[in-house]
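Heads up, the next two complexes both have subunit A, just with different partners, subunit B and then subunit C.
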Partner chain A sequence: MKSKKVKIFFFVIAFLGLIIFIPGRMFVRHHVNQKTAVTDHPLKCTSCHLYTSKNKIVSNLINEDYYSPFNIAVSNDGKRLFVVAQDTGELLIVDAESKTVVQKVKVGVHPHSVILDKTNAFAYVSNQWSDNISVVNLATSKVLDTLITGNGPSGLALSADGAKLLVVDTYGSDLSVIDLDTKEEMKRLRTGSDPTGTALSPDGKKLYVTSRRSKIVPYGEPLVSDLTQIDATTLRVDEHKDVEEAYMMENITFTPSGDLALMTLIRPKNLIPSIQVEGGWMMTHGIGVIDQNNEGRIIQLLTDQPNAYYSDSFDIVVSPDGKRAYVSNAGADKITVMSVDSIRAIIKETPKEQLKNIANNLGVSSRFVIDRISTGANPKGLALSPDGKKLYIAEQLEDKIGVLNTETLKMETAIDLGGPTRITVARQGRRLFNNAGHTFQNQYACYTCHPDNHEDGLVYNMAGKDMGRNVTNTQSLREIGDTPPFKWNGKNQTIYKQDGMRFSTVLTRTEQFSYDDLDAITAYIKRGIKYPPNLMYNPHGKLTESQLRGKEIYNRTKDNSGNVIPENNRCYTCHPAPLYSNLQPADVSTLAVSDDSILFDTPHLGNIYASPPYLHDGRAATLEEIWTIYGEDNKHGYVNDLTKMQLNDLIDYLKSLGGPEQEDEGYQEQQTASF
Partner chain B sequence: MNIQTKHFKIIVPMAILVIASLGFVRPEERSPVLNDSSDINTTNNSKEAEKPMPIYGNWKNYDSKNGLPGDKAYCVKIDGERILVGTHEGLAVLENGKWKTYTTDDGLAHNGVLAIDVDQATGDVWLGTMGGLSRWSTGKFENFNQMNSGMPNDLIYAVTCDEKFVWVATGGGAGSYNTYTRKWEIFTEENAPMHEPWTYGVCASKDKIFIAAWGGGVIEYTKKTKKFRDYVDPDGNMEIDLFPDDGVVHDITTGTSWANDILWVATYFGLSRYDGVHWKGYFDHDSGLASNFINFIKAKDDYAFICTDQGLSCTDGNNWVTYTTNEKTNKGKTIILNGTNKKELGESTSLAHNFILGVDIVGNDIWVATAEGVSHGQLKH
Partner chain C sequence: MFPKNTFNSYLIVLAMCFGAIGMHSCKQKPLTHMIVMTQNKGDVESRDYSKGDKLQYMSGSRIVAMNTTTPNEPLDELTSDFYSACSPKISYDGNFMLFAAQKNQDDVWQIWEMNLHNKKKKQITSSDHNCIDPDYLPGERLVFSKEVKNKDPKVDTEFTLFSCNLDGSNLAQVTYDPSTYFASTVLSEGRVIAIGKELWPEEKPANFMIMRPDGTKKELFYQMEQDHYITSGATEMNNGRILFVEANSNNQKDLISLSYNRPLHSEENLTSEIKGDFHAISPYHDNKVLSSYRPENALHFALYEFDVESRELGRPIYEDGENNILEAVFVQKKQRPRKLPSEVDLNVKTALLVCQDINFQYSQPTDSTIPAFKASKMEVLGIDSTMAVFKTEKDGSFYIKIQADTPFRLQTLDDNNNVVKGPSSWMYLRPNERRGCIGCHENRELVPGNVQPLAVTKEPIPVPTPKQMDAPKRELKM
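Showing the complex of A and B:
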């Protein structure tokens, strides 16, 4: 009897379970499908409710604060390493022998580079998100002074006499010249767009500044980037050299003899349909050689191989004997070791007329690449010991300093900076974002087209499925987590969909991300990518008079004649705060004849100042052009009654826009990333 | 004691009369107009009168026959070892003895180059054209126009580099471009005391900007306070300068130039000089000024070089030297007016034309832009 009751009990439980489970599962399936916009995502509550949670307590529990080493300097005696910890805003002083961190010096926000003066008395650290330089007294390990720079300081150099600090301003696209006696900025020199790298020639007479973004050129014309050559004596720009069909020149160095300058670069093929990545050549990576003996001509050599790419070349250093160069391939977790003599021989032996074509030769790397060395995740800055026997590698997403024995070309035990040992989901997402391993033949990572999690300023042929070409301007990924749908046409309602099967089908041409990886990269993109502070146009969160006038225009309901502006033609209707997007599709009459017939997803406007060119196909080089040249029919907001001064005010206001935090709190308080 | 008091009663009023007749105003009572924080070098006319006026000569002319792309030269600028000439057919550059022309084919915003200035810190050349502003740096042009930027108007009459700012006087107001933030500010009759948005000249002192505004006299902008004030002709008469030396001679101004704490103002109706306290007007009938019709003015140290439709004049405020040419014989004439002494010197060489549009002076060299080419002169004494 008892046994029967038990059976009935379990039967009832099972029956009820089935009744609950089947429709419950259906409900959950439906819920997950709706939230992810795909039908195959596992029914894991953690995907959305944990990994992408905005709750600060939850976020703090599931994430960690990593150091994320970015650049390194080595003391003259080789005993100390000075490591820029980008995410904690510190300069870590490391004992090279014991491989331990001996000091941590708090510097500014999001530091980028570090250099030492000749006597190693001071270290200069560029703080990219606080627009200043921390001058660290190395005797006391204290910040002695803070020098004001231009916007987004990154690469650093000291003049030959040590009296001037030369600071590359990435966001301002210029070079600040700082007098170290007066500690004042003397002047700014215009450079190429989005510069980072700089190097002074061994004789101290010439300074190069590399840029990362191409000049803005109409779609159809090959891209061209600027290498700025500065007379280091007069501190005036000598020449803006064109680097054809290349960009992302992250860093540059000279050989000790000064006969060559070598810089990293990427050669993108943005004018051909992007879906043909399996044919190779979508993005190629290499170096630029500036031949000092031939009027500074630039020869480009790919470091890739025909069937293997080494993406996102970042830093480059040359051994003290001038024989070898080392390049960090941040997207491939590799160091490429190159023979400088072989590079010299290639340049010497190749007829002049063929030197240009060699830039697309994937096979030429076999003539100068000596070895490829595996590193920890995302190798960035490099530094050689004074004797050249050790190469130190800032493994940004490993939280370690890799050590390469340059004699054996074997990695030694890495220097653990003491960061978290746990790899969080978002950190894994960041690793995936920065790694090209998920793209056919490792051609590119997400980072390649979205450097600094932003956009590369290029317009790509995305080859629409209909008759169109769908020429589209790369969109920034900063703070996009709450601005679905995605893509210019808004066809991807979620990042799960954007980066799922469709992503692998169209862009990477490999297996799609595993679901765990998809969760990870979604978590990182949704919550881990912050805006840099808008220090140029809104440094204190208080609008200027011009910006306030612009805000009035932005929010106006009547035109200058007092006529009511139709609601759907007001700025704020489609771009309402705090996201500055109503997340709805719209027709702003800028569809090109080559586009598929679509409406455009309304983009958010946060940090819009940093995203030229504008409009879906990048046709507007400046914000002004959106309305002066491409807004004649008043369909992209009612603007044709505006005076020039009013338009300036409106644009001034648009440039002040940051993220939702700024709108909510009236101040754009920045935090270092914790992913 | 009584005697002393009596004497005081006589002496004090007399002293006041004497001082007033000399036009003396105590420094603290001065208008703050030109009170720059830089050292004020108060004009000492008697001292300047003793200083001989510079005389230029040995003119060598360039036009479309020997280097320029066209004859009409709007402006000229000496930039170190090279000479930049704005012509109707592009930018002509004389370097190492050779002329080279840059046009829209090379990236110039417009071939009609009306104004040139050089940023001494960066070496960048800023070119005001009839179709926008060009920054010419290391042989490459970057163009700003009213469509792609916040610049007020494409017709640019004057350009002045002032630290990190580039000021332009345009047909649609004055504008300042912050080369650090890449931001434009526009000044028109809507936000400045101008009558019309047309501006013809702009110059900078250490603390102020002076804009020549058509019909609005001189518009003064104080950099620190970002406030404006205007200087217009007090008598308000458009035909004659009714009351001499009461202010700028006419509201229709064509240029401003500032040096050694003196502001010089060009109009189509005469010349004005302002020392921060007093205005002084000059006309062709009462001074050595070649003509009341002034196209451009350039102040250099103690002297103003005045570009008129009847020749080039130079003055220190008291003494004059005017250079003209006989357009039939191509012989030059230098007219020197020292106080009341007038002397005319014949010259075997002359300016290219009497219609003068621009001038620049560095060291012993003077370059003059005219309607028929540019002229290079050298300091004779």
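Showing the complex of A and C:
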């Protein structure tokens, strides 16, 4: 009797299980298919509901706090390394011999670079997300002072007499000159767009500042980026040099003799239909050489090869004897070792009329590249020991400092900074995002078009249907996790679809991400990419009077004549806080003749100030142009009754917009992402 | 605790679970220490891929296996039930072998697959024409060469690349031009490299061509020196080198190494100091390859180990006095190549081609007194006739929509319809393929300048073909 009851019990359980399981599984299958746009994605609830969870407890459990070393400096005696740990906001002091971290000094938010003064008494650390410099007393390993800079301080240089600190302001696109006696900013010099790199000539007379974004040019015209040449004695801008067809000039250095300055760069192919990767049709990577003996003419050389690309060149250093240069290829996990003499020979023999062609020749690298050395994940900043025998490499996503023996060109045991050993799903996603290994022949990473997880300011001919149609402005990836659908036409309901099969067919043109990798990159893009704080237009969380007036206009329901503005023509209807997007498609009357007939996905407006050009095809160079030139029909919001002052106020308000947290909770210093 | 029946039921369920786990974990492990190779009694001198007009296959050959730990034991004949068998290729998991074989002397060659554990064989192709030179593609497919009868009487036969599933289904033609393609090898990056030779209107030297497995983006990989010819397929090493055998003008056959990264300008002869002939090679251990080598004045090829770094030939691994030892392959698990996505859409009948500037020249003429002949028109040549002539844009660009899977050549014309440059090599575009070129440039290592071609601001020029654009597609059969 008892046995019968047990059997019945198990039968009922099994029956109920089947009733739940079969339709439940069908429901889950349908749900996963809908989200991923494929029919064979594993039914893993964790993919979306754990790895992309916004719950703080869950997020803390599944993620880790990595150091993410970004830049390095070496002491004069070579015994100490000073490592910028970007994600923890620290300066790590490392004993180079024992390869151990001996001190951690808390600095500002999202530090970028570090430089030492001549006597190694102080280290200056630029804090890109707190708009200041931490002055670290190296005797006590404590922050002695904090110097106020422009917006987004990054690259650093000291004047020849050591009296002035020259700070590149990335977000402000200028250079702050700080008097180290008074600790005040003396002046600010205009540079190119989104600068980071700077180098002072060995004679102390000339300073270069490299920019990363191109100047805004109408679509169809080749991109041109700015290399700013500054007289380092008078601290005046000498010249804005045009660097044609190149951008992302991350860093620059001089040879010890000062005859050449070398900078990293990317030569994108945004004007060419993106119909193939073969033959360098999407991206090429290389260096720019500024020949000091020839009126500063700029020669560009590719470091890529015909079937192999070394994406996202980041830092460049030259050996003390001036014979070798080293470039970190952040997207290829490589160091490219180059012969400077061979570069000199190429420059000497290249006539002016050949410069353009040589910049597109993948075969030239075989003449000056000595070797390619594999490193840990995402090599960024480089520093040579004083004797030039060791090259230290900030392996950002390895949490290590790679050590290259420059005599044998072999990697030695890396310096483990002591970060988490576990690679979380989101960290793996960040590695994938920054690595070009998932593109045919490693030609570009996600990062290449989305530097700093943002956008590169270019408009691409993505050749959707035919080759000359549907050019598209690159969109920022910051805080997009809660703003589906994706793409300008909103055709991708999830990041899974965006980065899935079609992504590999039309963009990366190699094997698609495995589903584990797709989980990882989705987790990173959805939750790992934060806005930098909008210190430029909203530094204290309080709107200015102009911005408050602009906010009223943004939220208005009546025009200047008192007439009711139709609901669907009010700013806030389509761009409501906190996301500033209603996530719906809209017609804003900006379709070009060359566009397919589509509605546009409504983009969010967080940190919109940092995303020129504007509109889906980048036709508006500034926010103003959206309404002054391209908004005459009042379809992109009702604005034509606004006075010039009112439009200025509206723009001021739009520029003040940051992330949702900023709107909800008032400004607070953002913590770095733990991914 | 439980009644006996229930307890027994649980035991059975548990046993089944363990059984299932056991079955799962008993998946075939790759074989080790095995080398498979082709043995052939006949003359191998005639194996010359430069002669693309007839089948150069080894009649009467057989595939044997040797265990490297017991080299003195008799060889294990794997293909005893075939009249001829050759071209062994090992699957990525190291468990299976593709090969080409003739069941009987007068049969056509077909592609077969063998399970190396139990030697069970299955026929993959059942064609009326010879199928040879198979290699594994990722995604349970293979690529091979299939003989097709050419309609043009001047060209007897040609071999076209095809791919299909490992069960022979889903046959797809890969190449579509009047050329012959042999000895395909799938590279780790996913593309197929094959020996290609144009046959019409006149025969041209064979070169290595590379393309995606669906036939798109076909381009030159390596160009032979004059009077040299390729005598083996390509082999990819772990260090990014591509190796093959090439005969020079004295008919000495040497091992040649290319850098995958820069194949057109990195040729190195690895065996110029070694007298004798090499026949075929394949990866072995580390920097070593298995090579079929015949010392000077010897009658037969034997199996040797060759160190690519030191360029030293080791002692023979296997030799016998009667047979040539050819096409040796070490059985081992290896990295699966990338499975490249395909842009081919068979529902689309056309493809698009854009050219940036037909007058592009890498080296600008230095002598300004020499008039520069500028082309202003493009002629698209089909097999039998001109398909189209059209004016190019001011910047020298053009943009055409052309019938897919149709061979064509291009030549540039001046205003008076005189030929300025061309005709080009044969090209074809797959359905829905989109392709770009810089111009009629002589430097194949150039990337395009970042310039929007004027031509793409307009609709593409339709290029008619002798055939009806809407003609139904022929269904492919083995």
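Everything below uses one rule, namely that the second predicted complex is superposed on the first by the 643 of 675 C-alpha atoms of A that agree within 3 Å, B and C clash if a C-alpha of one lies under 4 Å from a C-alpha of the other, contacts with A are read in each partner's own complex, and residues count from 1 in each chain.
Note that in this section contacts are C-beta pairs under 8 Å (C-beta built on N, C-alpha and C of every residue); 3 or more make two chains touch, one makes a residue touch a chain.
Given the structure is predicted, the values throughout are model-derived calculations rather than measurements.
**Student:** Look at where subunit B and subunit C land on subunit A after superposing the complexes, then choose clash or fit.
**Tutor:** fit
**Student:** Just checking: does A:58 make contact with subunit B only, subunit C only, both, or neither of them? Give me first, second, both or neither.
**Tutor:** Neither partner.
**Student:** What's your read, subunit B or subunit C touching more residues of subunit A?
**Tutor:** Of subunit B and subunit C, more residues of subunit A lie in contact with C.
**Student:** Once the shared chain is lined up, is A:3 touching subunit B (first), subunit C (second), both, or neither of them?
**Tutor:** second
**Student:** Touching A:150 in the superposition: subunit B (first), subunit C (second), both, neither?
**Tutor:** A:150 sits against subunit B, while subunit C stays out of touch.
**Student:** Could you say whether A:511 touches subunit B, subunit C, both of them, or neither, answering first, second, both or neither?
**Tutor:** second
**Student:** Per the contact definition in the header, classify A:592: touching subunit B only (first), subunit C only (second), both, or neither.
**Tutor:** neither
**Student:** Applying the touch criterion given at the start, work out whether A:360 contacts subunit B, subunit C, both or neither, answering first, second, both or neither.
**Tutor:** second
**Student:** In the overlaid three-chain picture, which partner chain does A:278 touch, first (subunit B) or second (subunit C), both, or neither?
**Tutor:** Second partner only.
**Student:** With the superposition applied, I'd like the minimum CA-CA separation between subunit B and subunit C in Å.
**Tutor:** Least C-alpha distance after superposition: 23 Å.
**Student:** Shared contact residues on subunit A for subunit B and subunit C?
**Tutor:** Residues common to the subunit A contacts of subunit C and of subunit B do not exist here, since the sets are disjoint.
**Student:** Mind listing the subunit A positions that touch subunit C in their complex?
**Tutor:** My answer: residues 2-3, 6-7, 220, 222-223, 245, 267-273, 275-276, 278-281, 284, 302, 305-308, 353-354, 356-357, 360-363, 366, 440-441, 461, 463, 466-468, 501, 504-506, 509-512, 594.
**Student:** Taking the complex as given, what residues does subunit B use to touch subunit A?
**Tutor:** 121-124, 135, 137-140, 146-150, 152-153, 164, 172, 179-181, 183-186, 188, 190-191
**Student:** What does subunit C use to touch subunit A in their complex?
**Tutor:** Going through subunit C, the ones touching subunit A are 2-3, 5-6, 138, 189-190, 217, 219, 240, 260-266, 338-343, 352, 354, 356, 362-364, 399, 434-436, 438, 443-453, 456-460.
**Student:** Which residues of subunit A touch subunit B in the complex?
**Tutor:** Going by the criterion above, the answer is residues 150, 172, 174, 186-190, 234, 236-240, 536-537, 546, 621-622, 624-625, 628-629, 643-645, 647-648, 651-652.
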